[in-house]
Every structure is written in structure tokens, then in C-alpha cells.
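Labels run A, B and C following the written order; every chain starts at residue 1.
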Amino acid sequence: MTSSRVLKNRAFEAAMLFAMVVAFGTLAVLLVDTLVTGWPQLDAQLFSDSPSTQPEEAGARPAILATLYLGLIVLALSVPIGVLTAIYLEEYADRKRWWNRLIEVNIQNLAAVPSIVYGILGLAFIVRGVGIGRVVLAGGLILTLVVLPTVVVASREAIRAVPDSIRQGAFALGATKWQVVWRQVLPAAIPGMATGSILALSRAVGETAPLIMVGAIVYVAFDPTLLGPYTALPVQIYNWTKQPDPTFQTLAAAGAIVLLAIVLSMNAVAIFLRNRYRKQW
Amino acid sequence: MAQMRATFQEELRELEELLDAEAELVLRSLRAAVEALVTRDAELADEVIAFDDDIDDVYLRTHQAIELLLARQTPVAGDLRLVLAILHSNLHLERMGDLCTTIAKLTKLSADLPSDEVLLGAFREMGERGQEMIRIALEALHGRDEELATSLIHLDELIDRSNRRVVSRLLELGPENLEWGLRAIVASRCLERVGDHAVDIGEQAAFLATGEFREFTDASHDPRPLG
Amino acid sequence: MESPQIDSARIAQVSRGLGRAEIERREKVFTVTDLAVSYGGNPALEDVTLDVHRNTVTAFIGPSGCGKSTFIRCFNRMNDLIPGAKVEGTVLYHGADLYGRDVDPVDVRRRIGMVFQKPNPFPKSIYDNVAFGPRVLSLKGSLDERVEKALRDAALWDEVKDRMKDGALGLSGGQQQRLCIARALAVEPDVILMDEPASALDPISTTRIEDLMHELKRDYSIVIVTHNMQQAARVADMTAFFSVVVAEDGSARRGVLVEYDTTAKIFTTPSDKRTEDYVTGRFG
């Protein structure tokens, strides 16, 4: 190698290293800062007590519970709907029909729509239109809509990853279309679908803007119910950061740590599943 | 591991069996031809002539079988040498069959002519020797036995000696028996040729065993006396 | 004079394999008349007429693009799964129209099994692979027995009997292909179609599959597509040679049946010069 080539090689490596340091370094700094800030208020009280004007007695229990409920609703709704949609689009839809091509093109677009738009739509159609009001169910429905395109896309990828030779082999044995999908395609695609769903879920859990739009009220001091008022953890954190008392800032950071923990552990499960069930075709 | 290409192995075995069947037919013809010659039996001679059809039949089937085996199984190495050896041996056996027919025809032509004990004895001996050589040649082929194949040279020498005895005896008998003498020489020559063909089969057996083709004796370099 | 024992009937049999007369005496499994296949309006195969007989191995050979794979897929209606595929002409299966109005493709595929070029075992256990067919078809009888018999018939039982619960993808290529054969056998078909079954395998595995075909043809009728004509020479009783016909302007290429006869004839004295050119390797 000539020396100028060596130099360029080294320069490139240095540039990549620098970029990595910037990226991870920034993240690391943020995480450490949050951890350090929130540590004093990270205790059992955070999980057991309701918010209060007195920071020493404040906890995030209703918010944590509501976040968990919202997560469950999203899971229960987005996964079946998303998976079935993906199956229809991949296995049954006739690509030549215009409406299928329309859906095809727009699924990706839907995933890119800013979540606040879903919030506005939800406010108009679900909270006011259907009229159930500013309740947990409404929040769950909105979040489902936010993550549904992602679930559909992830499920489609998982289905597409199943080689066609498997389908051909199953058909050649005399299986019907439904049997091929239910007994071969789906089981093989489940790990990919699970990963995609969990990642979508972890995103939903962190959404703030749409929840504010559909009325996750700031001050809720009781345990939430399905058709009752509520607040979610991201909103609670946001609220605390607006309070003047510095203890609330600490509480906010503590809440952020909890939220981070929830999201990161979900992601960890998703990655574990992906690695464990990765198929060698 | 279980044997592979079982059908192909089977076909090769059957090819060797075909050759055996042909050899049996040739032995039958040889035995009968010499018997007829020695006992002056014209009817038996007719039978020998009829036998030749059977030999030609097996010859043709063997040839077709070889053609199909080569086309369908593309044998290589030892298998290929076996097929080629059988191809040649097939021809030699068929020629032997024709020689027996010639002897039979001669027998018919000379049935009324006088005979001579010495000559008949020589013929008998050549006939025995020929049969022995055919058996040994086939055995050498099946057994891939080069040594056994080479031993055929000595037996061929014995037939050659008998052939020379016939010629010298005929010279002794004189010109009154010319017609019969001419026929006898041809018959003797036929029997000597049977021996040569058996040696040729032996050469094929040696080729099969070693992969090298070598003529045991070469007519142009033969140190032995003529006639 | 004593005659040696010669079994002339057996002598006649050696190396020739089944003769034409013998084959044509056997029941016709498929009767194809004027078959033509097109994809989205483009003809792929035209003018095919031939019969496939019971308990024989019939091979389709020819250069790439000659339509032999398209043709074999007509026998189990796998072409139905390709959008835009159109099949014209008739294919009779034991005398009944395979493409008849009230014929269920699913039922067809149970009786006419298929093995593909690249082994495609399901990402399940060995047992579940072989059991898949009987399960989806709800076949009666002991599943364990069915699975064992299928694996025995495919000459794989001894190698896998102690690891039936292991994943099928852990088997070698040759074993996977035999597993696919066992899978097809498990539903007790009448016919087995093989689309270049050994082209992705090493020579020893290939020979084992060929030996298996000799065994299987006792109970099944086998149709194979192969681009290796020596393979056709070794295994098939009847061979059909397909070739490509190019339109004058060079645009359309379609496949046609050139010659169909006993393998012995095709490889010793083919009637058509195109066949001779192909089998001698002069032309692709």
C-alpha cells in the first residue's frame, strides 16, 4: 500500500471512531445524568404512592399502572389485528387489484405519520365522536393506531422471510391454503412477529403527545380503571418537570428511570427472542 | 454401507453369465464336432451345424447387452475393462463356434474316406486340449487371474505340436489320400485356431486383471517353427 | 447330445431393461394429449402428447428453458398456484380428466406427490416433517407406523430412528432430500414426481437417490425431470426429450416434445437428429 492510501484508511477509521464516540458518548452522558439526578427519589414510594403537592410524599403509582394498562390494551389489540392484516396482505391479496396496491404503498406512510396527528384524530373520533371520553380505553385505542402500521410491517417482513419453498412443499402434500398459512407460515414467522410487536409496544409505552391530546390529565391521585380518567408515566414525568420545587425535578428523573427500565427490558426481551429463534434457512 | 448401484452390478454379473452360457454352447459344439469327425458321424455333424444358430443368438444378445450397458451406465475403470474384455471374448467365442461348424462340414464331406488311427488320436487330443483351454480362459476371466491366463500359452503349444504331428503324418500317408488329407489339414488347422482364440480370451483376462493389454505371442515374432 | 441349460428369456432381458411392448402393456397412469402451457400469455410449452405407464420411471430431459419443469408441474396441478398460468389440452389421470370442473387440486396432490430440486424440509422435527401430510389430510391409522414405514421406504429410517425429535434442518443435504421423499410417501401416493431431485446433491447422495428410485418403482410410478442425461440413462425406463423452439424474430421461446421412447432406444438409436445431437453433447 502507498502511504497516501494508508493515510486515507487511517483517517476513515478515525472518523468512524469519532462518530461512534459522539453517538454513544452523548447517550451515555444523558443516561448517567438521569440516573444520578433521579437516584435519591428512586424508592418504593415511587411505586406505592399517588402524586401529591408535597414532593416528599409523591409517587407515580397511578401513572405506572396506567402505562401498564395501556400497554396491555395495545398488545391485545394491535397484535391480532396487525398479524391478520399482514397475513391477508402477504398470502391472500391479489397484488394486481388497485386497492391492494394502494394499501401496499400506504402502510409504510402510515408508520411515519407523527403520533400527534393520531392524537388529534383520536380526540375527534374516539373521545368526542364515539363519546367515551378521556379514559384509559381511549388512550389505548389511540396508541394501538399509532403502532399498528409498525406491527403490520414487521409481521409482513416475518412472513416474507419464510421461503416459498416451504409453502410449495406443503401445497405439494395436499394442504389447503389455510393449512399452509396456519401450520407452516405462521409458526415460522412467529419469532419475527413477536420481535416486531414488542418493539412496537415499547414505542407505544413511551408516547406522550397523543396521550396529552386525548386527555391524560395531569393530576390523578387514584388508581386508574378502564373507563376512568388517567395519566400515563411520560405525562406524569412531563408534569413534574414543570413544577418549581427541585424535588419534583428529581422525581421526574426517577420516573424517567422507571420508564427507561420498562422500555429497555421490553427491548431486551425482543432481542432475546430474535436471537433465540433466528432461523437458518 | 449397503451396496450401491445394485441394478448396474446386477447387469454386469448377467453379462458375465451370458458369456458363460455362450462358452457352454461352444464347448458343446466342439465336443460334438470332434466326436463327429473321429467317428465319421454325418448326422452328428448336422447337429453341430444347427448348434451354431444358438451360438450366434447368444453372441448377438451379448453384443446388444454390451451396447446398452455402455450407453446407459457409462462404466469406468475396472467395470469398463470388464465390458471391453467381454466384448472381445464374445467375438472369439463366436469365431470358435464357426470353426466347429467348418469342422462339421468337413466331416460330412469326408465321411466315406478312409481314416487313420494316428490322425484320429491327434484330433481327439486337440479337441480335449481345446475344451480345456476354453474352460481355463473363462475361469481366468471370471477370476481376474493373470497367471492362469498366461498358462494358456503352454496348452496352446501342445495343440500346435499335435497340429505338426498331423501334418507330418499326412506327408507319410502319401498322395493316394490327397482328398482326405486336404480336408484333414483344414480340420486340424481349425482346431489349432480354436486354441489361438482361447489364448486371445486369456489376453483379455490379463488385460482385465492388470489394465495393460499385452499379446502373449505375436505371430510375426514367434520363435517356434512353422508347420 | 446333451444341451447346456440356457435361460433364454432371462438372457433376452439383460441390460435392455423393459421393452416397449412390456411397458405399453402396463396400465396408463397419465394420458397427455395436445398439452400447451402459457404464463401470462407467453407460451412456455406446446404440443405435448404422451402416456406414462404404471410402475415405470419416466424421465424428461432437455436443455434449460425447454419446459420440462413446467410440464411436470401439470401433473399435480402445481401450476395452479402460479398466477397467470394457463393449461390447455387434456391430462387424464387413470382415465379421468385431471383438470375437470369438480376435481379438487388438494385431492390431486395427495395422490400425486412431488419432490423438489432443492430439498425443502419444514423447520420442524424429523417426525413432524413426515407426519405433516397425514395430519393435514386427517389420514386414519397409527401415525407412528405411517412415519416409520415412510422413512424405511425412503431408506432413511436407520439413520434417524434415534433422533426423530431433532430438527430436520440439521440433516445433511442427501438426508434432507430423502426426508422429503419420505414426507411424500407418508400420504401413500400413487405417483411420485421429482423435479431434478439430485441436482443439489453430491455424487454419493445422488447415487443413493437413484438406487431408491429403482426400489420405489416397484410400488409407485415415478416421473423425473433431470438436466443430467446420464442420470436419465441410468434410472429411466422411458425418456422424453424436449427441446426449445425459437420464433423467427428471436423473441418467443417455447418448449416442444421432440421424441419419446424407451431409454434404450433414445441412447442407442434415437430417431430424431435433435435427440442425437443432444444426448451426444453436440448441442444444448
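Keep this in mind: contacts are C-beta pairs under 8 Å (C-beta built on N, C-alpha and C of every residue); 3 or more make two chains touch, one makes a residue touch a chain.
In this text the structure is predicted, and so the values were computed from the model without any measurement.
Q: Please identify the chain with the largest separation between its CA centroid and the CA centroid of chain B.
A: Result for the farthest chain: A.
Q: Mind having a look at which chain is the central one, using mean CA positions?
A: Per-chain C-alpha centroids ranked by distance to the global centroid put C first.
Q: I'd like the Å distance between the centres of chain A and chain C, where a centre is the mean of that chain's Cα atoms.
A: 51
Q: Roughly how far is chain B from chain C, centre to centre by C-alpha average, rounded to an integer in Å?
A: One centre to the other, that is 47 Å.
Q: Measuring from the mean C-alpha position of chain A to the mean C-alpha position of chain B, what distance in angstrom results?
A: Once rounded, the distance between the two centres reads 93 Å.
Q: Please output the residues of chain C touching chain B within their complex, sorted ascending.
A: Contacts found on chain C: 1-4, 6, 8, 10-12, 14-17, 204, 207-208, 210-211, 214, 230, 233-234, 263-264, 267-268.
Q: Help me check something: in the complex, which residues belonging to chain B touch chain C?
A: Touching chain C: residues 4-8, 11, 14-15, 18, 21, 24-25, 27-28, 31-32, 44, 47, 54, 57-58, 61, 64-69, 71-74 of chain B.
Q: Going by the contact rule set out above, which residues of chain C touch chain A in the complex?
A: Touching chain A: residues 76, 78, 81, 83, 106-110, 113-114, 116, 118, 120-124, 132-133, 136-137, 169, 180, 183-184, 187 of chain C.
Q: Help me check something: in the complex, which residues belonging to chain A touch chain C?
A: Residue positions touching the partner: 94, 96, 163, 165-166, 168-176, 179, 183-184, 187-188, 279-280.
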